[in-house]
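Heads up, the next two complexes both have chain A, just with different partners, chain B and then chain C.
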Partner chain A sequence: MTREEQFKEIVAQYCKVLPEDMTENTRFREDLGFSSLDFMSFLGELEDTFDVELEEEEVLQVLTLGEALALLERMEA
Partner chain B sequence: MKKYYPLTAAQKLHYNWIRRYKTQQVSGVSVVASLKAPLDFGLLKKCIQLEFERYGCLRVRFTRPDEKGEIRQYIAESDSRDIPLKDLSAMSMAEADGLMQQWAYETFDGDDIPLCDVTMVKLPEGYHGFFIHMDHRLIDSCGLVVMINDLMQLYAHYRFQSPYPEDLADYETVLEKDLKRAGSGKRFARDKKFWDAQLEELGEPLYSDIQGPSVLEEARKRHGKASLRAADIELENLFVAVKDYELEPEPTKNLMDFCMNHQLSMTNLLLLGLRTYLSKVNKGQEDITIENFISRRSTHQEWTSGGSRTIMFPCRTVIAPETEFLAAAYEIQNVQNRIYMHSNYDPELIWEEMRRRYHTPEHTTYESCYLTYQPMPVQVNNPHLQGIAQHAKWFANGAATKKMYLTVSHTARGGMNFSYHYQTAHLCEHDMELLYYYMMRILFKGIAEPDRSIGEIMALV
Partner chain C sequence: MVIRDILEESMEKFSKLQAVKWLKKKEIQERSYRELWERVTKVRKGLLAEGFAGKHIALIGTSCVEWIESYLGIITGGAVAVPLDAALPAKELVDLLNRSDSEGLFLSPRHSALLEMLLAGCPKLQKVWMLGEPTAASDGEGAWDWRKASERMDSQDRLMEAGENSGEDALCPEPEAVATIIFTSGTTGKSKGVMLTQRNLAENVLAVNYRAKPGSVLLSVLPIHHAFCLVMDWLKGFSLGATVCVNDSLLHMVRNMGIFQPDVMLMVPMMIETLCKRLAAADPAIPKKALAANVFGGNLKIIFTGGAHLDPCYIVLLAGYGVEVLEGYGMSECSPVISCNMPEDHKDGSIGKPLANVCLAFEEGEILVKGSSVMKGYYKMPEETAETLRDGWLHTGDKGYLDEEGFLYINGRIKNLIILSNGENISPEEIENKLALGALVGEVIVTGEANGLTARIYPDQEVAAREALTEEEIRAKLQEFLDQYNKNEPTYRRITGLVVRKHPFLRSTTQKIRRQEALIDEPVLP
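Let's look at the complex of A and B:
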């Protein structure tokens, strides 16, 4: 499973949208219905799964799946 | 073979209260859910018994405390109890509520025992349903709402051939995942770093009381320490009274619209209203801490696994009076978002760290107010039962570990209910009247003029 697939599988646990219907422009709050708590819990799960530490200042700017994935890639690099 | 697990941080919170206050009563949660329609009680009994099979958290039990007072949990394989039916239909609704309130005061005493009672009830005015009384270590209010809906879906399936409800998540699977996450060294280190950094940045918190600065002054005299920043907790008289106020649908909509238009969560707006009141009655104190309950349910599994996932964390903000209302709301939201990311942490460790750093006296606290925002109404959402009047009510357990605990929930008719649970040892109904009145004045002044400063709003209301 690629990182992106794994990422979308995690997102899918928090909403009713299937991974194949998610795009990089999908927005967490407006399109997937994430609350603030959902979003921050999700980020915590990303940290645990991918063994990274996300910068809080940066994560608060994230709106879309593409932005979250890009941030994850930067943190892993 | 039966597996034993330690308690989660949320369960420990309740267990620590039980130990500190020496009664299980502080951990009771009770609700009645009913419909104004005849029910087939034979069928309802079977559905409740089936719910005990489906919803694993109902079968959670705790071992006898070990020499250190620690307990472990396990899930009983089955629970084939009878479900009693009580007929209260000859009473008035107020009398029936009064009797159920007495049931809510009852305690579950003992080890390795079921910590959940369900009673079917015939209520006045043609309402029929069931009363649930449980230990909070097994379930929180969101979990109860999920259970009530699942139960009614089962009933509707057998009664009206509607679709069988989807499977609920396995309590044990979710528990194992939670415990694994909590046991992760890296996760723990990140969370600890966050909570410790807050103390490093802001220093020791400062108590703020609903009744003003005199409470802290008295604590300072009692402890002989003029610099004391914490006040005493009531340990003897835990009796709690409840005062409910309902905000009408239209003003409720105004608050909700404000939240939506400014991408704020209602919890944060309420926190702002409450903290501004505390600041106002404490001579403009800027450093205010409120304990806010978070229900850690985000994934589908977390939503449907039951269990106690509600945990409280201190929401501490230092807001200068010249800060605009909207900016203050965002400041709180910013703090809360960070807390959410670190909500896997055991709040007892935050308290321990403060005691270590500041030598905070035992049985004192930095907070007088606790807030829960409950977005889910106790309402049976089932197409076969639509249009039928419902009567649902939460009952206080009668023993407050907190001086004032405000639960804000939505009503079926579109309003919001502000339920103030307060310790009668120190507070009276008039204190709650003032709190509600000024909270509303602050909130509605703020949403009408979000550019106005907090200091001005405090002076104007």
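Let's look at the complex of A and C:
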């Protein structure tokens, strides 16, 4: 499974949208119905899955799946 | 009885037990009841030595052991603690510091970026003590050096040194003295400072009839500036001899549940909903017991919840995993608990029986509360106080009833506040006033849906015509405006839904928007 597929699998745990229907412009709150806590919990799962440490202040500016993936890539780099 | 009496008794009885645990670089740190009390005493004596007896002292920061030590140092010595939400924009924090007449401030290093604005905007602030050790964010290369910034800057460590070197200790405060001012959303868009006395806090701690074994583990995940967290996680926890563990970030709530393995937790409904999503997403082949151990840490038996409505389906669902969810009801004005379900006396769907120190009455369905935990009033807001406290009865703004067995139920609201499932009370007017500043925003109403807020906007027709904007362009521009607004707001005040209206809102004969009909988008008939 690629990083993006793994990422979308985790996203799918918090919403009723299928991974194949997610695009990089999909918005967590508006399109997927994430609550603020779903989003935080999701990021915690990302940290555990990809072994990265995210800064709370930075992640709060993330709106779309594409932005979250880009942040993840930066952290892994 | 005051908070200091309760704490002194606990410190004596449980001196060798761990009072607080937290993580530092992924290692568990601990502080015993004896150590905690020694440090609280140093803060208290330091404040006295530096001339802060009886003064208002604010705290800005997220949960940490230094925050709670400072808070207890303030309130056990007769000064007044003003906990503020660190997520608020700097401008609002300046306003609250000034309106609360705060002369001292404990600030977490993580929020040191606020310092310049706070020092410049709050002339009454005589001293700012930095809490704990500097962080990478506050101390990194290029970071503003707060130590050199002003002679008004100091550290909690230095304050404690002053306390250690001083022979004099503050007297125990009187029960009727104000202990803390907690800000809560006002219906007119201006937050109100709830004054709670020493007696208010102490009586609430004692009246919540929950018993736990000393040494029970409690993981504190709520925002520490909220009355529910402050009084029930920390003060109640200490009264029981519990070990209160600090959740360092909401990102790590589930991970920290695994690390600290709590017996009991306080949560708002949104947290329960999120946990349930994780349970639902798990492989159905995993036995429930193993899954519960994985998600809850293995020891969790009870979740107390309040602050917003919880769908009873979650109570049933978590019972299947061996976790009992007990719902309660309260508000900052009541220190905060009014009623609560207890392990031995509960009814699903209700918000429990009123506490022993609470009298309830109903006026046209509205719940009225009287008792020793009811606030003294709103700080410097006599009109709002008189409106809420009438003949000693606190008008809650909630509608409800008692059943034949004495359990309380909520069935409506009178006040114009949006209650989100994270327990935050949102004043829609406060947000509408800000959104109305958008050039393309003609009329706006904010409503609460599911777990977030929706802005319903009727675009300014003149602006749209002048710029020859299509419907799509209008939506894109409004969304861009909302994204910009959201950037400066705490997550709970962000707008997550946008409805672009085709018609203006319906108005009353006095030309006020009919808020209850805000969802109707039809042409107004002549």
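In this section, the second predicted complex is superposed on the first by the 77 of 77 C-alpha atoms of A that agree within 3 Å, B and C clash if a C-alpha of one lies under 4 Å from a C-alpha of the other, contacts with A are read in each partner's own complex, and residues count from 1 in each chain.
Operating definition for what follows: a residue touches a chain if its C-beta (ideal position, glycine included) is under 8 Å from a C-beta of that chain, and two chains touch if they have at least 3 such contacts.
Everything numeric here is computed off the predicted structure, so don't read it as measured data.
Engineer: Quick check on the superposed pair: does A:Gly33 touch chain B, chain C, both, or neither? Answer first, second, both or neither.
Structural biologist: So A:Gly33 only meets chain C here.
Engineer: Between chain B and chain C, whom does A:Gln13 touch in the aligned arrangement: first, second, both, or neither?
Structural biologist: After superposition on chain A, A:Gln13 lies in contact with both partners, chain B and chain C.
Engineer: May I ask you to decide whether A:Phe50 touches chain B, chain C, both, or neither, giving the answer as first, second, both or neither?
Structural biologist: neither
Engineer: In the superposed arrangement, which partner chain does A:Ser41 touch: chain B (first), chain C (second), both, or neither?
Structural biologist: both
Engineer: Once the structures are superposed on A, label A:Leu63 by its partner contacts, choosing first (chain B), second (chain C), both or neither.
Structural biologist: In the superposition, A:Leu63 touches chain C alone.
Engineer: So which positions on chain A get touched by both chain B and chain C?
Structural biologist: Touching chain B in the first complex and chain C in the second, residues 13-14, 29, 35-38, 40-41, 43-44, 47-48, 56, 59-60 of chain A appear in both lists.
Engineer: Using the touch definition up top, name the residues of chain C that touch chain A in the complex.
Structural biologist: Going by the criterion above, the answer is residues 137, 249-255, 270-271, 273-274, 277-278, 281, 421-422, 450-452, 483, 487, 491-492, 494, 496-498.
Engineer: Report the residues of chain B in contact with chain A in the complex, numbered from low to high.
Structural biologist: Going by the criterion above, the answer is residues 181, 184, 186-187, 190, 263, 265, 294, 296, 298-301, 333-334, 336-338, 340-344.
Engineer: Can you tell me which positions in chain A touch chain C when the two form their complex?
Structural biologist: 12-14, 29-30, 33, 35-38, 40-41, 43-45, 47-48, 54, 56-57, 59-61, 63
Engineer: Applying the document's contact rule, which stretches of chain A touch chain B when the two form their complex?
Structural biologist: 13-14, 16, 29, 35-44, 47-48, 51, 53, 56, 59-60
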